[in-house]
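In the two complexes below, chain A is the common chain; its partner is chain B in one and chain C in the other.
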Partner chain A sequence: MKIKSTLENYIFVLPAVAIFTIFYVIPFIWVFQLGLYDWDGILPTKVFVGLGNFKEIIFQDPSWWQAMRNAGYITLIALTFQNILAFLLAWACDREIRLKNFYRVIFFIPPVLSEIVVGMAWRFIINDIDGANIINRTLINIGLPQLAHSWLSDPKTALTTVALVHSWKGFGWGFLIFLAGLQTIPRELYEAVHVDGANAWQSFRKITIPLMIPVIVLVAILTVLGTMQAFVLIISLVQSELAGHTSVPVLRILASMRGSSRFGYACAQGIGFGVILVVISFIQYRFSRRARQIQ
Partner chain B sequence: MAKSQIPKSFFACILLFTLLVGCYPKPAGKATTTLTVWHWMTDRQAAFQELTARYEAKTAVKVNFDLYAPSDAYTQKVRAAAQGINLPDIFGILGEKRDFASFIKAGHILDLTPYMEENNGTWKNKFFSNALAVNEFPEGNSYTVKAGVYGAPIDTMTIQMLYNKDLFKELGLNPNRPPATFAELLDIGKKIKSANMQGLVSGWGELWMIDCLANNYAFNIMGEEKVLATIRGEVSYTDPDWVRVFSLFKEMQETGVLSLGIITMVNKTAEQLFANNKAVFAFNGSWCVNVYKAMNPSLNYAAMLPPQASDKYPMRIWGGAGSSFMVNARSNNKEEAVKFLKWLTDKEQQAYLAQGTNNLPANKDSLSKIPDILAQFADDMELTTHPNIWGVSEFPAVIEAFDKGIQSIIIQEKTPQQVAAEVQRIKERELAKRRR
Partner chain C sequence: MKTNIYYKTKGVIINLLIHAFLISVAVTCLYPLLWMLSSSFKTQETIFKDLSLIPAKFHFQNYYLAWIQGGFGRYFLNSIFYTASVVIGIVIVASLAAYAFSRLRFPGRNILFIMFMAAMMIPVPGSFVALYVLLNKLHLRNTPVGYILCMINVGLSTSIFLLKTFFDKMPKELEDAARIDGCSKLGIWWNVALPLAKPVLAVVVVFNALNVWNEYILALIIFDSKHFMPLQVALQTFQGEFVTNYPLLMAGLTITALPIIIVYLLMQKYIVKGVTAGAIVG
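Up next, the complex of A and B:
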């Protein structure tokens, strides 16, 4: 009877397991396997190189690590500027302010736009040669002509410009999740601390932040995963890797696969990148558990 | 009971109808063979369709030209189809010679040599030699491919510099006398800078076009032998001649020859700027004639060779290699596919393609009917060269370091010497890997 019941349970989960295996586990194993070969993606024969591709990524490919650093920088700006902005706006919209539903809609427009469209629109706004040059014109008009320059072609500003546009595009997701999280906090708690004499800052620090930690961690993990893998926006905004200054890991994987015809190496890069993302997510998760325990 | 029998009879009728329709013989006189061609050339789709209609009327063979654009997406589609042994009857390959060689070695491409050679080489002799060379693997080639011709060129191209005659007049220059030397080019660059105009525009965000101009100058400064010796690993990239090549980009940047933001520019943007009279020079392929015509029919421009930086060796430009079609070696319609390619590369069809799409024909006899501006590109056909006919290929990592290095020079991040040293370091790394 118990065996029959157990078997029934397994049968119920079988479709999900089968789909997961076919679309996730098998491709992952296959990609890992390809990462052990030197293969151009066309020839039927592959040359087994063992962990050679992985060694090359770690020890001999500075462009890969430059791309990782660039992605890390964009992620850092997204984690700080983008998420703080999203949190503050969500906090403001959670309060009784006028037109809050209007703001909710407005803040959610950028995330639903296509990355290509956002990139092209911002390129038009920012760029001086094939765009409207609005930023530079504004700077000149407000008496700051010394700040006007080629934002997307200057290696000193290109990556930061990309990061800020990415943050503009992505803050709506964080806003929505933070807002949903804020609305789950019981109002009675705020009323109770108010009765106890706590001011707004104290209730924010002692009620809002501790109860929002799981949501903050969720948003942080989603931000890291989403930002580290960003590349469409960069292609449409900068249109190149700008001598490596705007290269990111996914662009390097594409370059290995398309530019150099090194499918095996590209697979190894993909696996390596995936492992890095999993490790970062795990660290964030552990950190959040610890933070909750301290609170 | 009666309710359930109505739908059954209804479905039975539909099934019977479908079977009868499916078994009905094809009307006599209609096409019995259908060839499928995959390509990426958006500007030629209409002309191809017109030609296929003519071919079907003549031979009863239907040809479907399936367009997959942009070229990146097309490349991936062909590779995926090759991996799945699912290629169409006729297709093109975008990529380097080593990719072409891999397709042949994997058994995807039919050797066209017997067809080219039959009747005393009638088919082979129609083509410009440079156009055919791209599809040819000579005896003892470094790719270890069996010697032969594996593709039929359908057009040719050259990549040159272009200048805007109206903007030349505005700068006080003779519109019929483009710069012939690098020093003259730099002088014009200074005038461009002081007039606050845009200089040279090109798709240097896509890297390969940087490679193209740099190689032009490498051939001009050190000659073909030394360039090829460098690729073979016999000459270092730190050689003064290579440093001189890198330095040219520094000089072009400093004097104002290069347009602002050229290294993040895709070719489409560059074409828009030049077509709209916003840039004095462009570096582009002969395909641009069609593009400019569509963007600005009154654009007043001319083609010119990149100005010589040295009089030691002639200036060479990339070209010859236009678009080519290959026949799937596993296709059931191989013979029909070859016949179609022979017809497509005939004088009449080539002239139609050249006139309709403003591309240089691959057939030598069709040149007489091309527009004047296209003829300027064709005039320098004998100066063309292309990596795909050099017989040796540079390592992809070295090409990338080379092109990105030039980008770094343009943005004044690295010196020519630093870039030369960096490229050589990667070259040595790749050579060591190959030896292992």
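Up next, the complex of A and C:
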């Protein structure tokens, strides 16, 4: 009776565990296995190269490191510009203000759209020299026609443009999480320091910021993980890697797999990149605990 | 001494500045989408001449051309089919597992649950390479079944987490009553637990629906034939073939974006909940 009941209980988790094992656990193990081989993805023979793939990534693949730098650059802009914007918007909405719900609904429209739609719509708006390009038209109208150009085709401006469109698409996430965090701060605290004669800036510095540190770190971790791995937006926005100028690590992995048919190398790149991501978020997490202890 | 009027004027000015800031960002959010919509009603000739947000003349034939000639009708139905199948799959599979993790006792329960949660936190950037190999071996590549199963797996961990959190807080009395009435465990799950979980199921449905509708990379890798492609991959292919036909492309983008925007506006309460809950996970 007891055994029958336990078996019955396993039926509940069986579908989930089966799908999870086949489509997560097995590929996860294979990535580590394949990373040690040289394999074109088709032939039945794989050549064991040990850590050769990893050595090649570290010492002989400048395009990989350029991609890492590019992703780092986009992430830096997302961490600063995008998150500061999100925080300011959340702070502006965290009060008795008209249209609060309207703003909240609008700011989260870009995040629900796909990267393909966002990339193509923005490409249409900003990449033509004339015509539909509103930024170029404005530049020409205010007497700076020499600055008007194809923002996404010029290697000098392409990456920054990508980062800004990425921020446009992503700030709504930070905004919602920051707003939820701000709303948990008890109003009485603000009133108390107000009675003590603190001005708006002082209460922002002494109450809002310290109490929001855990939320800020959370958003920072999510931003780093999300932005470092972003690549679909670049595919749709730039339509090429611009000879490496807008390449990012996941695009390199995709190129190793589909372009040069080096499946083993692609897996090794995936592992290397995954380890870097885990280390970064772990450091951020430790940093947040330190910050909380200091308080 | 500063008067009442001073403070009132100061308050009004600050309020105006805050609104100006919020409105300018809101306009920046909406402008590209309105521009996309407006351009989809223009023609090849007028798109670079008629630069107003409201076109001088509305041409609806772009939508007809995209839907019939561009094949967007087919891709649209594909996307609907994948989204519906994956969401139904996730709701059943995840709620069964979450109910077991919350209510039933069996050896290995905690380890299994921890495994699902760990999967949610460990990023595996190259996993699509291995998935491609796996689906090839199983002869599931270039099949809808292969794609649907992969996408069910993608949404599984988060959905199990959301549902288990809900079941943990749910009172047990109703289930006890059903058990005394002779209801089986599966019967209790279906007749008692699932109906009670409607609010959190709404979050799970909306969240996964957005995710599947917007998914690109797995669909790109899994499908070779156009026949099976969902909208996102079709758009990218379409862009390669009709590089310069912007009105047609904008019609395709609108067809892809509109369902999501409508669902979002109708269900935004649940999406906001999902975001905040998802953030707690991290």
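Here is the rule we go by: the second predicted complex is superposed on the first by the 265 of 295 C-alpha atoms of A that agree within 3 Å, B and C clash if a C-alpha of one lies under 4 Å from a C-alpha of the other, contacts with A are read in each partner's own complex, and residues count from 1 in each chain.
Assume a contact is a pair of C-beta atoms (placed from the backbone, for glycine too) under 8 Å apart; a residue touches a chain by one contact, two chains touch by 3 or more.
Quick caveat, the model's predicted, so the values are computed rather than measured.
J.: I'd like to know which partner A:G41 touches here: chain B for first, chain C for second, both or neither.
T.: both
J.: Quick check on the superposed pair: does A:Q239 touch chain B, chain C, both, or neither? Answer first, second, both or neither.
T.: Once the two structures are laid over each other on A, A:Q239 reaches both partners.
J.: Taking the superposition on A as described, I'd like to know which of chain B and chain C A:F28 touches: first, second, both or neither.
T.: Second partner only.
J.: Which partner chains sit in contact with A:S150 here, chain B, chain C, both or neither? Use first/second/both/neither.
T.: In the superposition, A:S150 touches chain B alone.
J.: Once the structures are superposed on A, label A:N127 by its partner contacts, choosing first (chain B), second (chain C), both or neither.
T.: Once the two structures are laid over each other on A, A:N127 reaches chain B alone.
J.: Residues of chain A touched: more by chain B or chain C?
T.: Chain A has more residues touched by C than by the other partner.
J.: Per the contact definition in the header, classify A:I106: touching chain B only (first), chain C only (second), both, or neither.
T.: A:I106: touches chain C, not chain B.
J.: Contacts for A:G259 in the overlay, against chain B (first) and chain C (second): which applies, first, second, both or neither?
T.: The answer is first: A:G259 touches chain B but not chain C.
J.: Taking the superposition on A as described, I'd like to know which of chain B and chain C A:Q183 touches: first, second, both or neither.
T.: A:Q183 contacts neither chain B nor chain C.
J.: Under the contact rule defined above, give the chain A residues that sit at the interface with chain B and also at the interface with chain C.
T.: 41, 128, 130, 239, 258
J.: Touching residues of chain C toward chain A in the complex: what are they?
T.: It is residues 15, 18-19, 21-22, 25-26, 28-33, 35-36, 39, 47-48, 51, 92-94, 96-97, 99-101, 104-107, 112, 115-116, 119, 122-134, 149-150, 152-153, 156-157, 160, 185-186, 189, 210, 213-214, 216-217, 221, 232, 235-236, 239, 246, 249-250, 253, 256-257, 260-261, 264-265, 268, 271-272, 275-276, 279, 282 of chain C that touch chain A.
J.: Report the residues of chain A in contact with chain C in the complex, numbered from low to high.
T.: Residues of chain A touching chain C: 6, 8-13, 15-17, 19-20, 22-28, 30-31, 34, 41, 85, 88-89, 92-93, 97-99, 102-110, 112-118, 120-122, 124-125, 128, 130-132, 134, 137, 168, 172-173, 176-177, 180, 218, 221-222, 225, 229, 231-232, 235-236, 239, 249-250, 253-254, 257-258, 263, 266-267, 269-271, 273-274, 277-278.
J.: Residues of chain A touching chain B in their complex?
T.: 40-44, 60, 63, 127-130, 150, 152-155, 158, 238-244, 255, 258-262
J.: Give every residue of chain B touching chain A within the complex, in rising order.
T.: Counting only chain B, the residues touching chain A are 72, 75-76, 79, 82-83, 95-96, 98-99, 102-103, 105-106, 108, 198, 204-207, 259-261, 263-266, 269, 272-273, 396-397, 400, 404-405, 407-408, 411, 413, 429.
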